[in-house]
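Letters are used for the chains, namely A, B, C, D and E, taken in the order the chains are written, and counting of residues starts over at 1 for each.
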Amino acid sequence: MGKLYDLLLEDIRFEEGLNACMNCGVCTAICPAAEFYIYDPRKIVDTVQTKDDDSILELLKSETIWYCGECMSCKTRCPRGNAPGLIIMALRGLSQELGYFVESEKGRQQLAIKRTVGDWILSTGYCVYLDGITIAMHPEQGPVWEWVQDNKAALLERLGGNYKGDGPGILRKIPEETLDELKKIFEVTGGLDRYEKIESFSKSKAKEMNLELTDGIESEYFKHIYKTNNGTHTR
Amino acid sequence: MNKFGFTISQGRQIDYESNSRRIADYIYDNEPSFRLCIECGACSATCTAGNFTSFSLRELNILIKRGENDQVYQSLKKCMLCGKCSLVCPRGVNTRNIIILAKKAFQLSDEYTV
Amino acid sequence: MNPEGKKAIWSEYQKEIADDKFFYVRSCIRQNFFPGSEVAFLRIMRDVLKKDVFEHPCHTTCSGIGYHGDVVPVETAMTVVARQFALMTEAGYSNYVPSCITSFGLYTEILDTWHHFPQVEEKVRKQLRKATGREFEKPKNLAHASDVIYKFRKEIAAKAKYKLVNKETGEPLKVVDHIGCHYAKMFPSKGVGGAEYPYVLTGMVEEWGGQIIDYPERRHCCGFGFRQYLVQANRGFSIACSKEKFESMEPYKPDMIITNCPGCPMFLDRWQYVINEMEGKKYGQNGEGIPVFTYEEVAGLVLGFDPWDLGLQMHQIDCEPVLNKIGIEYSKEDKYNLKVIPSYSRSRNLVNV
Amino acid sequence: MKKHVVVIGGGVAGLEVAGQLSRVGIDVSLIEKESATGGNINNWFRLFPDRRRSSEVKEYLDGMNMNHDIRLHTNTTIEKFFRNRNNFSITTNAGKEMTADAVIIATGFDLFKSARKEEYGYGIYDNVITSADLEKMFTEGKIALTDGTAPDTIGIIHCVGSRDEKVGNFYCSKLCCVTAVKQAIEIREFLPDSKVFCFYMDMRMGGALYEELYREAQEKWGVNFIRGKVSEASETIENGLLIKVEDTLAGRPLKMKLDLLVLMAGMEMSEGGKKIARLGGLNTGENKFFVATDSHYGSNRSNIEGVFYAGTCTAPMNITETISHARSAVVEVVDYLKIAKS
Amino acid sequence: MNIQFDPFVIPFNIGLYFILLYVVTRSIIWFRDLSRPDKLRLQRGFFGTAFAMSLKEIFMESLIHRKILKTNLRLGYMHMSLAFGWFLLIFFGTVEADIFGTKHLNAPYKAIFFRFFNPDHGRTGFEAVYGFLMDLILAFILSGLLLAIIKRFYSKIVGMKKTTRLKLTDRIALTSLWLIFPSRLLAESFTSGAYSTGSFLTGSLGSWLATFLPAQQMAYPFWWLYSISLGTFFILLPISRYMHIPTELFLIFMRNSGIRTGDKAGTFTEVQAYSCSSCGICIDTCQMNYSAGITNIQSAYLMKAIRNNDDVSAIADNCLMCGRCDVKCPVGIELSPFRMIQRRAGEAENDIRNIYKGYFRSRQIIIPEKPVLSSNYNYLHENEPAKADVLFFAGCMTHLTPSIKNSMIKILDASDVKYKFIDEQGGVCCGRPLMLAGQDKEARELINYNSRMIWKSGAHTLVTSCPICYKVFRESYYLDVEVLHHTQFIKMLIDNGSVKLNFSRKKVVYHSPCELGRGTGVYDEPKEILRHVSKLETTKFEDSNSLCCGGSLANLKISSYDRRKIATNTACELTKENPDILATACPLCKKTISSVTQTRVADISEIVAEALNINLAKRNIISQVSSIKELVKI
């Protein structure tokens, strides 16, 4: 049993997610990701259950662990009570802890998620926040969304929201002290730590790829990871 | 790249209905032992070509049977026909003839020409 | 297809749902994309059904999207959730009702983990104490908002102004239900009707006069996949999933799609637009697209709420065809008119009674 | 005076035991919950691997019992069952009380209730049937879909209700693989133009001539075998079935339209058996079957002296094994009664 | 009385002049189609010794049928009596006509129908003697004919297990051939009877017939019959198997002029195809026939199918290429290379046979390989092999029989040769299997890859354990190294004392692998080694007569079941005297045979490795290396 395997075992989800796999393929059969990505959750489970560090390391650096959509359909079906989805979450966690995520195109995208969803959580108290969902970042939101963005305040008013207001209600302003509590929780539970790791590993990778990376979502590296798809992930 | 910055992914499932089993049927007709494979992998384990590249006769057999002809067509070229596989096969499958027939089947079919 | 078989299964998956005193927790996605639905939920619960629904101004995201986007570690997520529970405990409630499926899934997952690993729960309590000084009780009853509406579907039907039937032909509308993956796929026993044949939306639709149609890709994920949509480079996968569903449901000629998930209705709505832009492919009868609704929107419609109060103008696919089919009255010109004063007292959903 | 042994269950094991016991001059009461004896064998048309008629075996069993006077109680279940100092008191549903010097339990197995594998839609989708349903079709001499037409493509799913913690059965039912192969061949015999696909996790061809049958299925009948557990089936608009499976040996997900889907239902401890276990305080294992005192040399002995097991109430067995197990039970009883005498 | 002409000779004349004309045109076409170098060879041959040699050979083989006589006396006699007898009849007939005829240099028919035109010839003296001679020859032919007829119906009598099947034209030709001599006998007899001439055969038969038949009237129709059967025979000759009679003469001459089959179809292959007399010897010697009961793919049938423009690919691929028929063919057709050409051809276009095609068959049209399907080995990356004097190439099959591999390593280590095991980590196939499947282009890729490896190593000797590799290294590689099969190499080590071996009293028989023996002519070294270390006993199947193990990679079609039958048969034959060890020198043979016999099957290298005596081995590196150096000069 290898060092990396031990680290995985520390993740409660891994312990929950992995019993003996008999490679029946039920997970891959139902997996939406396996349907489009060159990806096979069965093989991932089979690999980690070998407890072989080299192959686990390979996984941590690979593209393949980033294809899962975490819909958890696999958990519903597994005849051995495994949850490949959870195992993959554990692998992703470890990959970020150890900084291997920057070795894969899909892994590098973690910075994009951190700088959008991740930062919104702490700055607004929401996972996704109206002001951030711009047409530039989300052209597929279509004309209606342009209209929404142009009339945010009025529209929410019309629909009975409480945009940036006090008290309860839709898109209300989350009180400062609440946000402080959140920050504190992140601090205590290693959330901030995770954020910093993502930032620092990404910065060094950006240097290595010599793409400039500043804060926010405008710099070269960010645009690169947000948009690049080398087309080798699907058929 | 379009204005959305991505294109719709194509599925990679084996779609049994839409695939053509022409190659497989040709082999079934001319080499009945093709049916006998139990996918044990002995052939792939001993394979001379497989020693250098990702070539698996076991997988090839399956892909032929499923009608994944494009993939078959590509990996078919890697075989060296050395015949080790036929010596280790526990079901006495005439493995070399399968490769040869597959090649022939592709030649007889029109859609596989440059 | 033999409906009796399904009924047998449904009878096996009957979860317990509280009938009053709900602690309501909002959904990040829905507040942005379907504000009208959450408003409708409160209107139905408070005005129509006269239930006590409490919303705590200090509750936050459950961090679920961050968690499933893998930037938020599991322990952090657990503690954030614990804080929500603490707010509920402090407010003196014990029936927890999240508006979001991702949250619902996260809560069920966390409660299950705590059940199997009490030491983890202990650790979380410590961390919460350390970070916020708060204590919490686990909810006595955890039900998704759609479960609650399901529970009261008959009451709603009783008060209904419209039925989900074609007013011309009298035929029931053909409705496709789409259940959020995290509703029951992780813990079938936690969903009404289980994971394979969820009944939560079917129950509503059938009660309100519609007819649910079952199609091969019914169980398929909409393709959100968190990181798969959040990052532009991955959206090809996201849209492919929805497309798969559309292709599969198309032959059944559905009139509408009903969902109980925050993201799904938005994706199923927007992707139809994108597929049309990219490939010129239009779904639905005479290419008008297949309108997608949240269960609150549908409930609101049958109760006779004004479509534009429900926020249906925020859909990319026009809902009018369905409204016309049912024979719902609405004013064309008010659709994008933001000056209109809602037909109900807006303040009601902003105060906790 | 003659010793009296009560045999619970009139299936293959029960009939064999009863016959053999009365042959050695023991007075036997045979209790069967159904109106006729035979148990599961009545639902089968032909038997693997030699595909002889199951009726022939039934005839043998009946014949043996014909020759000896056995007190047969059909439509009878046990309501009370306890041990006195050196015999047993048994009360039937008819309120009949009997005392026995020894009891042999041959309650056999129930076929797994396939509706419990919801994702396969048994009882919901029109053309999803079980192995037993198929045998019924064989007996009637017609394989047809609900609309009366003959299927072209037939899928057979192995391990339904076996090796699956989702339904609480961790064990392998051992006979489904060979049954699948047998039925695949029979389908091809009935419908020469049909295509048959077996979806398996492992081909467990343990018994004598099983592997040969498997080979025949491939070589002579062109049955296709795909390694992968079917994840779900759903009904298509033209009443066909769309299945999703991973072709694990190709490492690719595969979807396929089928006309008919046959579920190889596994074997479970029978309801009757469970009841007896409760009444008599008999030990059952994690797999819910009866647990014998020793798995190697005491597979007929229960935790209660004088109570013995015969056949599939202890584990999945084929008919050959069941009959030998039943005979060994007879030997055990005879020994036990001798000792009891002295 | 002395008539000069009679209408009944017309059929004969037509036939005769037709066939002469045909043969001339045909030979012109053939000559035209020859490659330039072959044309030159032929011209040189014509004015060289080749011509004389050919005449001799033609006499020995085409007339006397020496080879057939050797392998099968009765069959030989049959062929001889017909061929040689007929030759004599024509020869002496012409002479007779010339001496006793009214004038010299008669038209051929005068000679053939001499008795008709000179009915009362041969009553006395020298004439009578000459008549006797003619009758004798006729009797000689008739005896052979009798045998032939019997053979047709019960082939056992002439010791044939299987006789070739016939197509219609062959049947007609055959009957006309059979009719020729009986009709001549009767015609002459009646004439003699009428004129009471003739010798012991025609004379006596004639006078006896005349006692109860009107000889005068009876004779005439038989002369007609005689002429007609000759005529038909000549006309049908080109489209019947009897075309071999004239063609064989060309073959012999071409061969003696140094023309070989090569690897392309052309005149020579066609001439060979026509030279086949379907004598059936190839069928008798074929193990697929008598062990596995496969009786439709033997060379005779291949030749026939080609003559009939049938699709031969199925036949061509279904052969072990053991070469047994090749060495036995009385006509000396190069059957193995011939078959290889058919394999390369792939599926020949099967054009409708018409009479014209029958007489001048169009060349087989070969579908060109679609370039797209040619294999692609660019995944092979080249690596720098270590320098060494001697390279050891185990080969694929040897890797499947580790005992051989290990034994070779042991032997090589024991002798202080500076060697390198090039395919230790599994090598690239030698290419022969591809060639055997007719895929030379692909094979060439592998050959080049291996060649580069070998060149880079700077070695002067290449040792391989696998006869299949050995053959291809020898024949299809362009190498500047000495290629040795390990038996040859071990023999060398023994001779120069680099290895010392103990003698064991074990009884050993040797199975000579096809590719090594008949394939490349290595017969002696293996046996010498075995004699050196054990009691080598001989079997019925030595050297060129050795059997095939049935495992041959050359057969692309045969089922594993039939292979087993052949292997079992071979094993039984070789272990009749129950030897301790059944020795062979090919991993494939070892693997195939050992799976069907209780007797221990061992490769020579194994036997040698066991016999190694390390203590005795006084190593002398200098002599060692130099000895190999010399070898290179050879």
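The criterion applied here is as follows: a contact is a pair of C-beta atoms (placed from the backbone, for glycine too) under 8 Å apart; a residue touches a chain by one contact, two chains touch by 3 or more.
A quick note: this is a predicted structure, and the numbers were derived from the prediction, not measured.
Novice: According to the touch definition, list the chains common to the neighbour sets of subunit A and subunit E.
Specialist: The shared contacts of subunit A and subunit E, listed by label, come to B.
Novice: Skipping subunit B entirely, trace which chains still reach each other through touch and list those groups.
Specialist: Once subunit B drops out of the picture, we get A, C, D | E.
Novice: Please report the smallest number of touch steps linking subunit C to subunit E.
Specialist: The fewest steps needed to get from subunit C to subunit E is 2.
Novice: If you tally the C-beta contacts for A-B and for B-E, which one comes out higher?
Specialist: Pair with more contacting C-beta pairs, A-B versus B-E: B-E.
Novice: Farthest chain from subunit E, going by mean C-alpha coordinates, please.
Specialist: Relative to subunit E, the chain whose C-alpha centre sits farthest away is C.
Novice: In terms of Cα-based centroids, which chain occupies the most central position?
Specialist: Closest to the centre of all protein C-alpha atoms: chain B.
Novice: Give the label of the chain whose average Cα location is farthest from that of subunit B.
Specialist: Farthest chain from subunit B, going by C-alpha centroids: C.
Novice: I'd like to verify one number: the distance from the centre of subunit B to the centre of subunit C, where each centre is the average of its C-alpha atoms, in whole angstrom.
Specialist: Here the centre of subunit C sits 46 Å away from the centre of subunit B.
Novice: Roughly how far is subunit B from subunit D, going centre to centre by Cα mean, in whole Å?
Specialist: Averaging C-alpha atoms per chain gives centres 40 Å apart.
Novice: As a quick test, compute the distance in whole Å between the mean CA positions of subunit A and subunit C.
Specialist: About 22 Å, centre to centre.
Novice: Return the residues of subunit D touching two or more other chains; collapse runs of consecutive numbers into ranges.
Specialist: 119, 227, 232, 247, 251, 253-254, in rising order.
Novice: Quick one: which residues in subunit E touch 2 or more of the other chains?
Specialist: There are none in subunit E.
Novice: Can you list the subunit B residues in contact with two or more other chains?
Specialist: 3-6, 9-13
Novice: Sort out which chains touch which and give me every pair.
Specialist: Once each pair is checked, the touching ones are A-B, A-C, A-D, B-C, B-D, B-E, C-D.
Novice: Within their complex, state which residues of subunit E touch subunit B.
Specialist: Of all residues in subunit E, those touching subunit B are 347, 367, 369-377, 379-381, 396-397, 399-400, 425-429, 433-434, 437, 439, 442, 446, 551, 553, 556-561, 588, 591.
Novice: List the residues on subunit D that touch subunit A in their complex, please.
Specialist: 119, 159, 163-166, 201, 227-232, 244-248, 251, 253-254
Novice: Along subunit C, where are the residues that touch subunit A in the complex?
Specialist: 26, 28-29, 31-32, 35-36, 38-39, 55-58, 60-61, 63-66, 68-76, 78-80, 83, 105, 113, 116-117, 120, 127-128, 130-132, 181-182, 185-186, 188, 195, 219-221, 223-228, 230-237, 239-241, 244, 270-271, 273-274, 308-309, 311, 313-316, 336, 338, 340, 342, 344, 346, 349-352
Novice: Which part of subunit B faces subunit E closely enough to touch in the complex?
Specialist: Where subunit B meets subunit E, its residues are 33, 46, 48-49, 51-53, 76-84, 86-89, 92-94, 96-97, 100, 103-104, 106-107, 112-114.
Novice: Across the complex, what residues on subunit C touch subunit D?
Specialist: Counting only subunit C, the residues touching subunit D are 1-2, 4-6, 8-9, 194-197, 214-219, 251-252.
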